[in-house]
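Each chain carries a letter (A, B, C and D) given by its place in the written order, and its residues are counted from 1.
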Amino acid sequence: MPDVRAALRAQRIETPSWAYANSGTRFKVFSQAGVPRDPYEKIADAATVHRFTGVAPTVSLHYPWDAVDDFGKLAAYAQDLGVTLGVVNSNVFQDDDYKLGSVTNPDPRVRRKATDHLLACVDVMDATGSQDLKLWFSDGTNYPGQDDIRSRQDRLAAALREVYDRLGDDQRILLEYKLFEPAFYTTDVPDWGTAYAHTLELGPKAQVVIDTGHHAPGTNIEFIVAFLLRQAKLGAFDFNSRFYADDDLMAGAADPFQLFRIMYEIVRGGALDPASGITFMLDQCHNIEAKIPAIIRSVTNIQEATAKALIVDGDALAAAQAQGDVLAANAVFMDAFSSDVRPLLAEIRAEQGLDPDPHAAYKRSGYAEKIVAERIGGVQAGWGA
Amino acid sequence: MPDVRAALRAQRIETPSWAYANSGTRFKVFSQAGVPRDPYEKIADAATVHRFTGVAPTVSLHYPWDAVDDFGKLAAYAQDLGVTLGVVNSNVFQDDDYKLGSVTNPDPRVRRKATDHLLACVDVMDATGSQDLKLWFSDGTNYPGQDDIRSRQDRLAAALREVYDRLGDDQRILLEYKLFEPAFYTTDVPDWGTAYAHTLELGPKAQVVIDTGHHAPGTNIEFIVAFLLRQAKLGAFDFNSRFYADDDLMAGAADPFQLFRIMYEIVRGGALDPASGITFMLDQCHNIEAKIPAIIRSVTNIQEATAKALIVDGDALAAAQAQGDVLAANAVFMDAFSSDVRPLLAEIRAEQGLDPDPHAAYKRSGYAEKIVAERIGGVQAGWGA
Amino acid sequence: MPDVRAALRAQRIETPSWAYANSGTRFKVFSQAGVPRDPYEKIADAATVHRFTGVAPTVSLHYPWDAVDDFGKLAAYAQDLGVTLGVVNSNVFQDDDYKLGSVTNPDPRVRRKATDHLLACVDVMDATGSQDLKLWFSDGTNYPGQDDIRSRQDRLAAALREVYDRLGDDQRILLEYKLFEPAFYTTDVPDWGTAYAHTLELGPKAQVVIDTGHHAPGTNIEFIVAFLLRQAKLGAFDFNSRFYADDDLMAGAADPFQLFRIMYEIVRGGALDPASGITFMLDQCHNIEAKIPAIIRSVTNIQEATAKALIVDGDALAAAQAQGDVLAANAVFMDAFSSDVRPLLAEIRAEQGLDPDPHAAYKRSGYAEKIVAERIGGVQAGWGA
Amino acid sequence: MPDVRAALRAQRIETPSWAYANSGTRFKVFSQAGVPRDPYEKIADAATVHRFTGVAPTVSLHYPWDAVDDFGKLAAYAQDLGVTLGVVNSNVFQDDDYKLGSVTNPDPRVRRKATDHLLACVDVMDATGSQDLKLWFSDGTNYPGQDDIRSRQDRLAAALREVYDRLGDDQRILLEYKLFEPAFYTTDVPDWGTAYAHTLELGPKAQVVIDTGHHAPGTNIEFIVAFLLRQAKLGAFDFNSRFYADDDLMAGAADPFQLFRIMYEIVRGGALDPASGITFMLDQCHNIEAKIPAIIRSVTNIQEATAKALIVDGDALAAAQAQGDVLAANAVFMDAFSSDVRPLLAEIRAEQGLDPDPHAAYKRSGYAEKIVAERIGGVQAGWGA
């Protein structure tokens, strides 16, 4: 399986700076000892994940959560630790001004402020060398009649256009959609169709982000993956998992078979190849479990799903599909999923000079104890308010 | 309220031939006395609905369920009864060949057969003078791996293109989407985004149909209405209502507030005007209730929702929205919904020479007893097998 | 309609102290000017709602959010303002100890602490004269395997028993259920069946609470109302509304027809009568709208749904149901819902010496401006952390 | 792993007679060559499944679908083929009389007829030696107001009592629940809580059936398993799988991880042991795939999930749970799921004299070709109308 091994070696998964910080629900944020207190400590944790997995060499930033005086210095610090800064995530949902929306707010002053923030994010990208601006808007309404659905689309389109026109040649907008939360009646970018239509109108430097936790119950996510790849409009993934809503659990924890099906469509559509330009990120909240090992687990879960997707017997599958043999085609597909790919991944890690078991290696490393001991005083970084 | 009255007088709702026939679930089709035995009797029932409501002058056909030797004769018969033939619905889901799909079937012979049927539907349109071809595909898969998701899209696109190119100058394709059923893993046109992308690629004579029962739980349908109107890609509605899945209950029966919100976006987007080219149809199954009065009830439910949408105080709403006054805006909106518009509709009917109460008038008319007495022998028309 | 008027005059709706405080989502809590800074100010706001609606004479407390040195003094303060203290709500979800559960925590020390808190709540009830202890447990797990589902039930049962045995003769446990959030894999009391089984085993002083936002999509809540009333195990309601999950919007805002159907089952089951012992509470979050007028709106929404439920023509409905006339029965039911009951409610208010329009009256009263001016400094009460 | 092997050898899965017959959706029943034409041929197919799997020695009957003149003769025929007759399933949903319900119908004549049918099913059990009567009621309503929810419960309770009192000493009622379909507004036994309450009132010979496809989206089924086992009220399983509603796909096809979690709770609760009295059945529809191999696949899917549940390291899991180590506990659990248990199952089959690969063995056997050749003429058995 030379290609399988090569593909697994080439796979890249970006981890999010905020997943190393405290997070929670509206009911409670439980704090954890050793959590980072600034962007530098987040980077250090991300570098640790990369050290043990070998496939997580980039870190997503969230602005202004990760604002620093000198982004060049932060980038250099990352480089020293063996990682680089990745996607820049805008944040237009945590200022009191954004109560009724950011770029879709009925108040033009607030829209201006929000759009300016997005433009500032591009400045950050220029400083960090990041190529992708990920846009998630919490904008929406809670009550029927609260605002005009269509006018909000017009406002959204205007802001997106302004930001798009500010992009450099190698920069992209990644537009994220989400069904609900924090808006509970309408959301201004609720589904992939809306994100698709806007990115199509914007142009080739705008693409859609699929967050695996942002859909209505029953939505077939792998269909969306296949469809957006066919339309050449899939730009990135936010991986996480959910049983109910946007639960933001570890990727692969809730429905590993779904993750396998998604990875299969990625492989099928040629999107695993880093040259495809599709960015694979985690976007999770580790509310009750330790953060770094939870991220390592998420990474290995994705690796396992990917390995299973890669070992699907394509010839046998195509033959069964062409003959309309439902059971044979399903059996070929399930055969890959039922396989235990952990030995294969362990081998590949060993070949790369990594510990074959990143979980045990991290545990033995003492890093967890070290950060608990060292990160005393200061204010822990939080995902929420 | 001259405009409100004018708008209500001008409203048009098309009724579907198959709703007059027997229908049911996979568990049982309960037959009802007096049900039509052929397309002519269906037309007679539809004309009866129009006689009592005054707003249902057209009838959707389903081909081949409504196949007759001479469609010109059927059209003339309809005309004699005061109605005309409307949208033609294709049927590529009831032949044994379509077990694994119609236009997306892995077998090219079946795809050819299905596409030929769609082309034949355009021939029927030429004969009946219908302008719209409504395409609903039950195509999809039941098991992961069963077929290639992306290849099925390519096959779908090819068939749609062929049919599109066959359309006359005044003819349109109306492409319907549905989340699931009868396919239980993937559906080839599962959501509005997929229908939108295909109709966009086809051209201006292709539009999207919204069936109000075809969404995932929690989907905000009025958002889709507003968005597709903004994109000028909304072609038609299939009204019905549901509590769970595609229940196909009477329009307005399950969530009258949702129907009001949908009609508000239609009014807001200028789509109520018959000149907008948007076709408003019912698509329902009256499994346990009498068919004709159920359709009359559905029509009056839509009229009531429309009347409420029309009386929303637009100036007050816009002012509250502009000020970001959430409660005031919601109150203006709810004030319209809480109003009893039945007296207004009764007045309008009386002005038009109709009985102000179509339900009582139908009951008194003796039509129900007449069809039970007359339609003896023969085979009742069925919606299913 | 003498009975309708009498029933509406006798209706009682309890408002929750925490709904007057700031609330939000995990993304952001937006603060509002004039929000209470202590339990006394919350009581003052609740008394204001009662002053304008006349049907909200009691206030639910949340302990320890509403902890004061002297509950007798708080009760006396309430009395002076024309209201009394109602249900006591326990809180075992906001201490770091409760990260993995409270009474179901694997650690016996934490279970002891949580149970002691519940017992302390009964002490508060003794001090305030409250008869009801409402128990909502956020307990559950986020990951498969995290804890043993069945052992957690055993722990839950043990804690409930201990608290039950502590109750005075006139005191009750009201056990609440919720599908998910903040737990994202299992919840220890996820549905009415679980709450029913536990309260049945506990005895007659334990009853089930229905929170209208705590169900899986598609759940028929009025069925649960009817069923629990038949089993004599319905103790209370938490009203609010939702489009997606536990959105906690204003009661009646998302699906007024559902609220009507629920109120119909309450009337049908004889539960509206205060003598039935069923407590009707609001439990909402006014994240973006002004709190007091939002609560007034919720109260009047419930009143309108109740009035509609009361005017259903019971004889006509029973006759149609007995004859199996689906459409006639539905028409009788919908006739009540389609009626505008606001004039009736205005009349009843006027008879009671209230302003017929509580919304306008509150607005004119200057209370909103007064609290904004007066409540300067200090820390606003918050629902969350 | 001696216990694991012993448990897998002792496992029993009952297959349903109707799954060998044609089935479909309301849109179309696709017929398959070789499908049984009478109960004898269904038994022959079931015996074939047992011949290749070794764990499916009993067959569920559906009455009157499987009505024969002489049930003793049918039982003897089964015995000759190495299988025995299992659970008897009543059918009170396919007669025109049941349009508005069976035992909950507003018409007492229909209720009498339905109850008599249930009593006749017990007669069948006496004749076949079956111990279990499985009751699924399609009863419910489609429209608000259509019938009185509470009266329907009273009627249901009366019918259940009459049937319960007719049971022999070794006979049981297994009461099934289902959220919706074919009823689309209320269902009279919609959830496990309703079934639990009724079976509790009936007595120890009444138990609840869990059909894995009969829940609202997001319902945690393994919680219900654990809870009902704790209450000693779980009587049986209907296995199948679903992505959307009651899709009735092959067990394990849609979410193999969920099936594993369910089997884990079964193992955890001691319910796998045949002595526990819990009956494990399939209840599926093979609309588009070949029936016998689909059932073999379902059986092996359940075996694989069971094997994974059995190899969970219980000591390690309990230790991690007791320490509140979320990630360690989850890792132990996932380790079992990630394992490939197919070699183990192949070994066990070989030890029992079976072919290690039942799928290949069935294919090679020529049985499929034989029934296609022999079952010519006559009317194929159908699941639906």
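One rule holds for everything that comes next: a contact is a pair of C-beta atoms (placed from the backbone, for glycine too) under 8 Å apart; a residue touches a chain by one contact, two chains touch by 3 or more.
Quick caveat: nothing in here was measured; it's all calculated off a predicted structure.
**Q** Between B-D and C-D, name the chain pair that shares the greater number of C-beta pairs in contact.
**A** C-D
**Q** Sharing more than half its contact pairs with A-C, counted by residue number, which one of B-C, A-B or B-D qualifies?
**A** Over half of the A-C contact pairs recur in B-D.
**Q** Copies chain A, chain D: same or different interface, half of numbers shared as the threshold?
**A** same
**Q** Starting from the mean Cα coordinates of chain C and chain D, work out the distance between those two points in Å.
**A** Computed value for the inter-centroid distance: 39 Å.
**Q** Just give me the whole-number Å value for how far the CA centre of chain B lies from that of chain D.
**A** 38
**Q** Residues of chain B touching 2+ other chains?
**A** As it turns out, chain B has residues touching two or more other chains at 100, 142-144, 179-180, 185, 217-218, 220, 243-244, 253-254, 257, 288-289, 326-327, 330-331.
**Q** Please output the residues of chain C touching chain A within their complex, sorted ascending.
**A** By the definition above, chain C touches chain A via 23-31, 93-94, 96, 98-100, 138, 142-144, 179-182, 184-185, 217, 242-245, 247, 249-250, 253-254, 287-289, 384-385.
**Q** Quick check on the complex: what are the chain D residues that touch chain C?
**A** Touch list, chain D to chain C: 100, 105-107, 142-150, 153-154, 179-180, 185-187, 190-194, 196-197, 200, 215-220, 222-224, 226-227, 229-231, 257, 261, 265, 268-269, 312, 317-318, 321-324, 326-327, 329-330, 332-334.
**Q** Which positions of chain C touch chain B when the two form their complex?
**A** Chain C reaches chain B through residues 217-218, 220, 243-244, 253-258, 288-290, 293-294, 297, 304, 326-327, 330-331, 337-340, 342, 359.
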